[in-house]
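Got a structure for you, questions after.
Going by the order they are written in, the chains are A, B and C; count residues from 1 in each one.
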């Protein structure tokens, strides 16, 4: 067990953690405060001017100082779309992980504590789910969804659909992690002590075992957010994710991709850099968390 | 002896061993094979034996952590092994358990107050908030814990302090009967005496009855009123402590006594033959101790001796005990 | 010249970025050929650290910060890793608590024994096997020839520890360091193993450092005893002399706390509190907060080890003997 104070001390003594943490903080703040910070509102069609399209970054010849990182084909400022797009990517990533977590932790807890055929059934279900690639499921479901509804309905529900699909497809990761730590905790004597009192199994699972399995959940959550953002970006790149008028980082990269050869590289490059930085920061933070929270790897006095 | 506080009649516990689900044979581990004990109120009834003898399973079965495959368990004359949870709830107040490892028996994420308040809240729902607090403080004081510990987490305490907290948790509902499963074997020597004295004091103050499970005969000699010596799921000898130490009847008891290192030295001077437990899955038909027994004869390998009462009141499961 | 001579040994571990804490705070020890020494202490007293230091096996980030360890006059701390390997496992052998640490689970016992032997001797496989069988017979392993092809998991705990002892004896060492060799074993098996170690040491004139928390085992097996507390030796001398008449209040308290010494129904003597962790040692004598004889002097200065006892107020002859 690590105290909050020890945790902060560890964080402040690790340059990688500070770096990753502050990059993430900046990106998150940027996304949340986008409506106040962004030079333009890319969703507001009134602000768009087709005459502004495909302008290079402001320091290049032909650039405009209103658009620091240039504009895309519809005349939206790349900086503004990145700010809004990061928000959408993060929203989908975090939302999907919440769905994964709730499903996975619940099923993992039940499988681990109950054991027997329930465990066998849930874990085989997890195996089947894992053998179907997330991307494949998402492509099929989204393609059907896109074909079945008109573009406006699709645009309205795209975020929700992406969250649910990525969430449901990845629950086995949480379920397996939780199940294995439940198996470890279940044999400890404090669980026996709770059974001696006569607490019902549901209460033992939720109030005794669950809190002691959350450490690994926290670690994989960070890495899964990165994973979900990547999945969403890949789907958007394939044209199955967010529509271009409410772009995520993935759809921004896609929308600029066709202009790379006409010389407008900035439309793709800048969102791509932000995506890479965001994923890297999340992964570094996840690795760091795993090291800090794993008592076997920890040394010293905390 | 009908006024026993806890009585077991022929309890058996068998664990199916994990196999492939299509396997034809389903091997079974016999953890307990027909154990009859009756614990009188106010006793410190000790169960000794080596690992695999079933002593821990016996304690866990009495506490309901393990359901017996066969046999009956009584508490104050009431049969408890088949009770449903609602009927058992009032009895749980009166039966509590102290575990071996104080590092695992306290939930690492709960502070001392939460750990101690939980049994009261669950088993005595009529208690109000201030009454719960008063009861927790009373039991902390009784077990030598500082009242300031209440808001601390288990990792802030040493092993001995944790075991005091675990004892406090067992006592918080004012039970009459406590199963103590190797409560001192995970502790340092200087702490063991503290915990044994605490258990003694609490027994005197509260009239507790103990089922004390241990592998250490020198603790039994100091602490126990009666002793059951177990071997491979069976009681081999059951006697008053003094009688057991002065006149051990079963050859296994003698082997155990002989194995205690003596502080005066000299008893390890002669080499001993390696003795091994037989496989508890495929038990030999006769006396389970026969393969290690210096007195064993042909009869021991075919006919299992039953526990019988000898002239001095000791019960022993040996053909040759007298 | 003594076979092993340790002078002022300090072992330090980093604490935070700049400071260090000492797990051993200046230990002196001499051991003659064939002498059997028991090192006794509670967990955290530094007794295992001493064993690891002798074998140059202190795990990173710990280090020997001061002192010398001379084996036949040669300082082990100054040897190269290559030279130390010709001593470790060859002239000094080690027996650990858990035999599975020493034995590789995927290699047969014969393979492991032959490997150990060939690492230190030029010897043919056939000769090595013959020698291994002889050693297995020496430790009374039944049907030694066939056991050579067995894997560690096929043996019981007692037999595994016998195999570990056989491996420790393979190279005819001058010194065996046994770190809690029987803690993981049952009492009857402990008696067998300790009796075996005692016999082998006597027969072959091998010196023994037995690290344990069990005073009974020390009394049975060793001639000399060293009692450690918080990284220092607090009392040392002939085993029976100290057991009968300890001078240091800690040794006396430990002995009095044993249930063997208290009659039934009487309270055990208890040392209050618990040993401080090495990160939070009190100034002066580390034992003073628990000691009933402590004075202001004890709080200010660390008592030096004089006449085998590190105490300003040792028990005198009459007090010690009672």
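In this text, a residue touches a chain if its C-beta (ideal position, glycine included) is under 8 Å from a C-beta of that chain, and two chains touch if they have at least 3 such contacts.
These numbers were taken from a predicted model, which means no experiment stands behind them.
Asker: Chain by chain, through touching neighbours only, how many steps does the shortest route from chain B to chain C take?
Answerer: The distance in steps between these two chains is 1.
Asker: Just grab the chain with the largest centre-to-centre distance to chain B, centres being mean Cα coordinates.
Answerer: Comparing chain centres, A lies farthest from chain B.
Asker: Roughly how far is chain B from chain C, centre to centre by C-alpha average, rounded to an integer in Å?
Answerer: A distance of 32 Å separates the two centres.
Asker: What is the distance, in whole Å, between the centres of chain A and chain C, each centre taken as the mean of its C-alpha atoms?
Answerer: A distance of 54 Å separates the two centres.
Asker: Taking the complex as given, what residues does chain A use to touch chain B?
Answerer: 1, 188-190, 192-200, 208, 211-212
Asker: What residues of chain C sit close enough to touch chain B in their complex?
Answerer: Against chain B, the touching part of chain C is residues 42-43, 140-142, 156, 158-159, 162, 186-192, 194-196, 198-199, 213-217, 219-221, 239-240, 243, 253-255, 257-262, 264, 267-272, 274-275.
Asker: Enumerate the contact residues on chain B facing chain A in the complex.
Answerer: Residues of chain B touching chain A: 60, 63-65, 85, 88-89, 92, 95-97, 99-101, 104-109, 118-119, 122-123, 153, 155, 166, 169.
Asker: Using the touch definition up top, name the residues of chain B that touch chain C in the complex.
Answerer: 50-51, 158-161, 188-194, 196-197, 200, 215-219, 221-223, 241-242, 255-256, 258-277
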